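Each of the next two complexes has subunit A plus one other chain: subunit B in the first, subunit C in the second.
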Partner chain A sequence: MSAPSIWSAEARLLLRSGRNLVALILLLALSSAAVWAGIAEVEHQHATIKRVEAEQVRDLAAVAEANAGPEGDAGYNAYYAFMLTQGPPPPLAFAAIGQRDLQPYVLRVRALGLQAQLYDSEVYNPELALPGVFDWAFVLIYLLPLVVIALGHDLVTGERETGRLRLLLSLPGSGLWRRRVGLRYGAVLAALGLPLVVGGIVMVAPVSGIAIMLLTAALYCGFWFGLAMLIGASLRTSATAAATMIGCWIVLTLIVPTLANATIARTVPVAKGIDLTLAQREMVHHGWDIPKEETFERFFVNHPEWRGKEEFEGRFHWKWYYAMHQVGDEAVAADVAAYRASLARREELTKTLGFVLPGVGTMNVLHRLADTDIEGQLAYQDSVAAFHKSLREFYYPYLFEDRMFTQADFRRIPRYEARHSTGTLALGSLGALGLLGLLALWLGSLRIARSGIGSRSKGRGPGMAAFGKLAEITH
Partner chain B sequence: MSAASLIAREEWRVLARNRAGLIASALLVLLILVANFTSLERRSAIEADRERYQASVDESFDAQPDRHPHRMVHYGQFVFRPLAPLAFFDAGVDSFTGNTVFLEGHRQNSANFAEARQSSLLLRFGQLTPAFVLQTLAPLLLIFLAFASVGREKERATLKLMLAQGVSGRSVIAGKLIGHAAIALAVGLPAFAVLLVFAAAGAAEWGSVALMILGYAAWLLLWAVLGVVVSALAGRPRDALAILIGLWMVIVILLPRALPEAASAQSELATKIETEIALHRDLLKIGDSHDPDDPYFNDFKEEVLAKYGVDTVEELPVQYAGLVSIEGERLTTQIYADAANRQIASESEQNAFVHAFSVVSPLIAIRQLSMALAGSDLSAHYDFLDQAETFRYDFVQRLNRMQAELLPGIEGDDPRISAAYWQDIPRFAYDPTDPFARSQNLVWPFAVLLGWLGALAALALIAARRIERAAR
Partner chain C sequence: MNMKITSTPAIAIEGLEQSYGHKQVLRGLDLTVKRGEIYALLGGNGAGKSTTLSALLGFIVPQAGTVRVCGIDPAADPRGARATMAYVPENVSLYEHLTARENIAYFLALADAMRGRDAIEGALTAVGLAEEAWDKRLSGFSKGMRQKVAIALALARDVPVLLLDEPTSGLDPRAVLEFNRLLDAAREREVAVLMVTHDIVSAVDIADRSGFLGQGRIEEEREASASGPRFDLNALHDRYARAGEPA
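Our next item is the complex of A and B:
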């Protein structure tokens, strides 16, 4: 037979099995459904932002109407004008929604203390968030291994059980397993990747991003096929092989990640968030009970340009009020840094775990690329903080120079500009995943190449055989 | 001894010889114990943290100096949600809801610092609690133990032998069911024991613990029975295993994740920003207390003057601004409450959509039941928010009344009242929710679990008839 016809014969063989066909169609359907759900979620978030923006325009118009004018006081305007910040879904979010179902993507801030505003939650339904999102990343990380198990666990054992193995191995020519594994690998990757590519086209996502996601999927898929060859060639029966692989899947995607999460939560507490909120409140309210000069002195440390303009008559002036809020923010800077450090530490530990756990590594690469992880949320918070600074600084001249705040001034209030996606390629994580994937494939192909010998010597797979043996004996 | 119990004993004997089965079962039991231990420790750490924070914010409230009462309205109070005792068993939505709310005048702030917002995505793999192990992993073990229970006898032709000796198909199925039902209960035993110890120590209600054990027993039995029934109906054990794993995947992993996506498309949740803007507009519609010609507040003024029998605001024995604050707080609170109720209604509608599918995926039923009994479900969170809001309204109005009643007697342009008054303001005391108060949250999941068991029992009868016929 010529080379192409061997391949097409193998392909027919692959698809003639009801189980294989069902598994592949199921994967295609699930991947499509997940991409569709991801696109729906992204569209929903865009629509929400649009809706909020429209409301915001009306609200600001009302505030301007009531507070800005020839007699307008910047203090009132700054107090009532909440400015909208928005974090629209990045282009790749549809494939890996990550934390975007929980983290706010619209947040209003005003020139008051930022630390009392930055951590506010938006409305989401906690019970719907509880099981985790259904997106392409989920299908890849959780469900693809099961499809690989369905297609790949009985490569060798299936032939042995039907008595064809010796015949197959005695046939001239080489590359039997390479063809069979390659064919399955390609089919699985196509069923999984095709909907992603279509989704990428629909969402006009960057080609390089989609390509890296496919590469990540290919490596992860490689890991599981490698494992399938390794286990399938080492065990005697198909049931044993399947059960052993399911055992691997449980340990790698259900048990170790949850154990690790419990450990990380325990070793890296994040209580500083509450600490800084409480400390900031004390600072701001304490300001009412101390001489105003004290507050101004602290304020001038970082804003020396307004020194000499702090005098005012009477008991209250907005410039003192906003200075007091700023001093409250500055007083908790160390707590803020510690809080951020604890969040970053949790991310870092998760990243390290991803170096050895392919599922977690895949999760890290996809969500860092899509910018939908904690890092993306922190980048959004940073951009809000930068905007808040520009907002304060916009108002200071009006406040400290007692300038009127007219409608024209209101129109000049800085607007937040949505940041660009800061999704990055987590090269280290991808490299580690590549290493794991290729290592598994290499070991698997070594093992399967010796499968003829294995069938005579009743080779046993290392480790993870608990479920496998169980199935073998009860069988 | 009946044939069924003999068959059950034989099944145990076979499984007891199976070293790998024993190892897997032992590992699961170990995992349940580890989950109990880490989860208990985690709960007590969180609880201690929240208690410490609550005590410290209460203390700082008392320690505030002499002030204008309205300053204290905005100094506000922080409240922390205490964790229910059984939350160690099932953390429920606790990690996904904020657990601290800042309460102040004329604003309803969001509950902040949810654990899920501060954790890496690893949290979304699940949390290691006894509930997670029992709900997600235990069914897989039961599947692996039971998938070959009848099929093995079929393949080795021992089934034919038994039937030829006059053992009825029913006895065979009943024996296998008894065998695997006992194993299912044994798998749950360590978790049940921890629950019972907890109840005996007085840390949890007997009623909740008893229902929790019943619920999980039904859940585990369901998988054992499913395993035996599929094993009897499927051709080969290998097919039975594939079917069972497929079912597990759909019921336990896929549907619980996919259904929320469909549910969130059911109804739109308004953002906090939209609610605030709408609220601001509604308030302006009612009236502007700073506008001397405002009809609403002019009527209010007339009423106040008539009530005190005076002609002008200056003659009032109380501070008029304080009365306006009280009225304003009443109005804003009403509008906020309406918005909160709308949000709860939309969320409940979404959740009801998911719950309806518990008929297809009984995981949803056991999850609901478990969270409700553990006091970590969404209803319990709503209850906390509700109590916090009631408390907020009360203390803000107390401070407003202080402003109205005490300020008129104080001279000067910076009137303050004594710090001693802050001690009169009550502190938040959370009254834990009673899961039995919302019995519909318990009845429906139980009905679903029992319905599944009933349906599987009917299937078992059919299977019994089938194996008899096949043997003939």
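Our next item is the complex of A and C:
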């Protein structure tokens, strides 16, 4: 039997086992379903953005007709003209949806207080403990280990239990376990990765992004196969090996991340975004009750260029109204900064946790690469804030200089330009994941090798001695 | 019968000692098996038969004494020693999902012993496995048929030493006779056969020498008679019953 045919014999052994075949087909089906669900979610978000864009055109036309003209008032326009901002799904979002199903990707903002408009929904960090949406990342992080357990828990113990181990160990050949682990590893990656590649082609995703996702999956998969070798070579029966591996899966993907998430939440408390909204609104409401001069004085602290242009006749003027909103935003600026700092701190701790927990590390890499993590969400908020600032700067000259607002002016209102995806490679997380994966594989191999040396020199029972000879077949 | 026995021992064990924890299993075992000789190693449970095989296969490092297979120390060069031996374990379990032919080809590949289709079919023919069974999966095979496949594997490897662990256990009388014919053929090819067994009857039918393992060493060794009954079965049985007691 030549080298290729020994591989094909190993493949036959693998695929003729009903359990292995079912596990691989199940993984392929789950991965396909996850990619399909991810594409459906992305398409839904694109469709939503398109629908809102169409509504936006009609809405703006109505505002223009009603408020702009020879006698147009900038204040009315600024009040009624909601401007669309949108965060279209990044190209790799179909594989790792991350925060995109939780956070808004369409916001219509106007020149009023920003903070009251930003937090229509909360920003929080569920990625440590909650399984989240069913996407490819979910299948990789939570379900792939179960398939590895199904295929790998009895690599050694199964041979012992069927009585083949002594015969296998009596043969002078080499590379048995390397071939078997390698074949299972390849089959698992193929079942998991094939739908991703197809999804990437359908979504015209960047090849480099898909390649990095596959690399991440390969490293994570390596970690679990290494663990399977380590445990399988250390225990006597398949049942105990499977139970131990399931225990590892529960601890590493569910319990520890959940506890860590609770610890991080306790260590780094984050105020709710809605609190910022309320605080800003409180300031605005308070502005109605205090002398207008007082509001303007607060406004001029940061906008001295409008001093001397605050005078107006009557009880109400838009310039006072917008100044009041601006002051409301600025009053909660410190709270906003603290809120963002807390989120960033949590994100940092999550990244650190990912250096030791492969599941969390994998999630960090995938979501950062897809730009669907908190960082991506905050970047969208930043772009909205920058756009909001440009809106204010556009309207203020009309308001403070009492300029007419014409149709031509209306057409000059700034429009939001969607930011480009800022997905990046989290090298540190990927490196740590690589180290964990290689470490597990190395320890698994070492465990097999060491058990051989130990049993031969110490004269343990024949069973253990035979088991110890795995080393020579492995290497 | 013993015409093919040569003077060079294929298996040579001298003063082998082995203990597990506080239990000393082998206490200076001496044993030799020459090319073309069939040696039946008899002994009760725990006598050290499996430990002897483990030492020959390089599964354990002897605590004292020497072991050589075709001149190779299995502890120092296990792969080299194993290349000279074929081992048939007591409970033959090959891969149920593969056919008889695939099993042999696969195990030969694992042993780095590439053989052609003819060699595999020759071995299957030699062990008397019906041709229609060659391409059937082992899941439908009886124990005797599986045993034949395992022995065919050993034959196909074409090595000078054959180690058999309870080879006739669970075989019907007809299968035992067929098995003995195979061993005869192996002897003709100058293969050294060490069979470890409880089964005195099958041992006397085929062995050239038999040894009783008791108290960690060979307590008594007998050679097959060249004329008349090969062994005195009553005497052997009586000795077997007293294994471990002073001779």
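Here is the rule we use: the second predicted complex is superposed on the first by the 432 of 475 C-alpha atoms of A that agree within 3 Å, B and C clash if a C-alpha of one lies under 4 Å from a C-alpha of the other, contacts with A are read in each partner's own complex, and residues count from 1 in each chain.
By our rule, a contact is a pair of C-beta atoms (placed from the backbone, for glycine too) under 8 Å apart; a residue touches a chain by one contact, two chains touch by 3 or more.
From a predicted model like this one, the values you see are computed outputs, not experimental measurements.
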{"item": "Contacts of A:Leu176 with subunit B and subunit C, given as first, second, both or neither", "value": "second"}
{"item": "Touching partner for A:Pro291 - first (subunit B), second (subunit C), both, neither", "value": "neither"}
{"item": "Partner chain(s) touched by A:Glu282 [first = subunit B, second = subunit C, both, neither]", "value": "first"}
{"item": "Partner chain(s) touched by A:Pro304 [first = subunit B, second = subunit C, both, neither]", "value": "neither"}
{"item": "Subunit B versus subunit C as contact partner of A:Gly98, first or second or both or neither", "value": "first"}
{"item": "Partner chain in contact with A:Ile6 - subunit B first, subunit C second, else both or neither", "value": "second"}
{"item": "Greater subunit A contact set [subunit C / subunit B]", "value": "B"}
{"item": "Overlap of the subunit B and subunit C footprints on subunit A, listed as residue numbers", "value": "465-466, 468-469, 472"}
{"item": "Subunit C - residues contacting subunit A, complex", "value": "18-20, 50-51, 54, 57-61, 63, 75, 78-80, 82-83, 85, 87-89, 91-95, 97-98, 102, 105-112, 114, 150, 163"}
{"item": "Parts of subunit A lying in touch with subunit C, wherever the complex brings them together", "value": "1-2, 5-6, 9, 12-13, 16-17, 162-164, 166-174, 176, 455-457, 459-462, 465-466, 468-469, 472"}
{"item": "Subunit B contact footprint on subunit A (complex, rising order)", "value": "19, 30, 33, 37, 40-41, 44, 48, 51-52, 55-56, 58-59, 62, 82, 84, 98-99, 102-103, 106, 108, 119-134, 138, 142-143, 146, 150, 238-239, 242-243, 246-247, 250, 253-255, 257-262, 264-266, 270-271, 273-274, 277-278, 281-282, 285, 288-289, 315, 343, 346-347, 349-350, 353, 360, 363-364, 367, 373-374, 377, 465-475"}
{"item": "Subunit B to subunit A touching residues, read off their complex", "value": "14-15, 17-21, 23-24, 27, 31, 34, 38-39, 41-42, 45, 49, 53, 56-57, 60, 64-65, 67, 71, 74-76, 78, 92-93, 96-98, 100, 102, 109-128, 132, 136-137, 140, 144-145, 147-149, 152, 237-238, 241-242, 245, 249, 253-254, 256-258, 260-261, 263-265, 269-278, 280-281, 284, 343, 347, 350-351, 354, 377-378, 381, 413-414"}
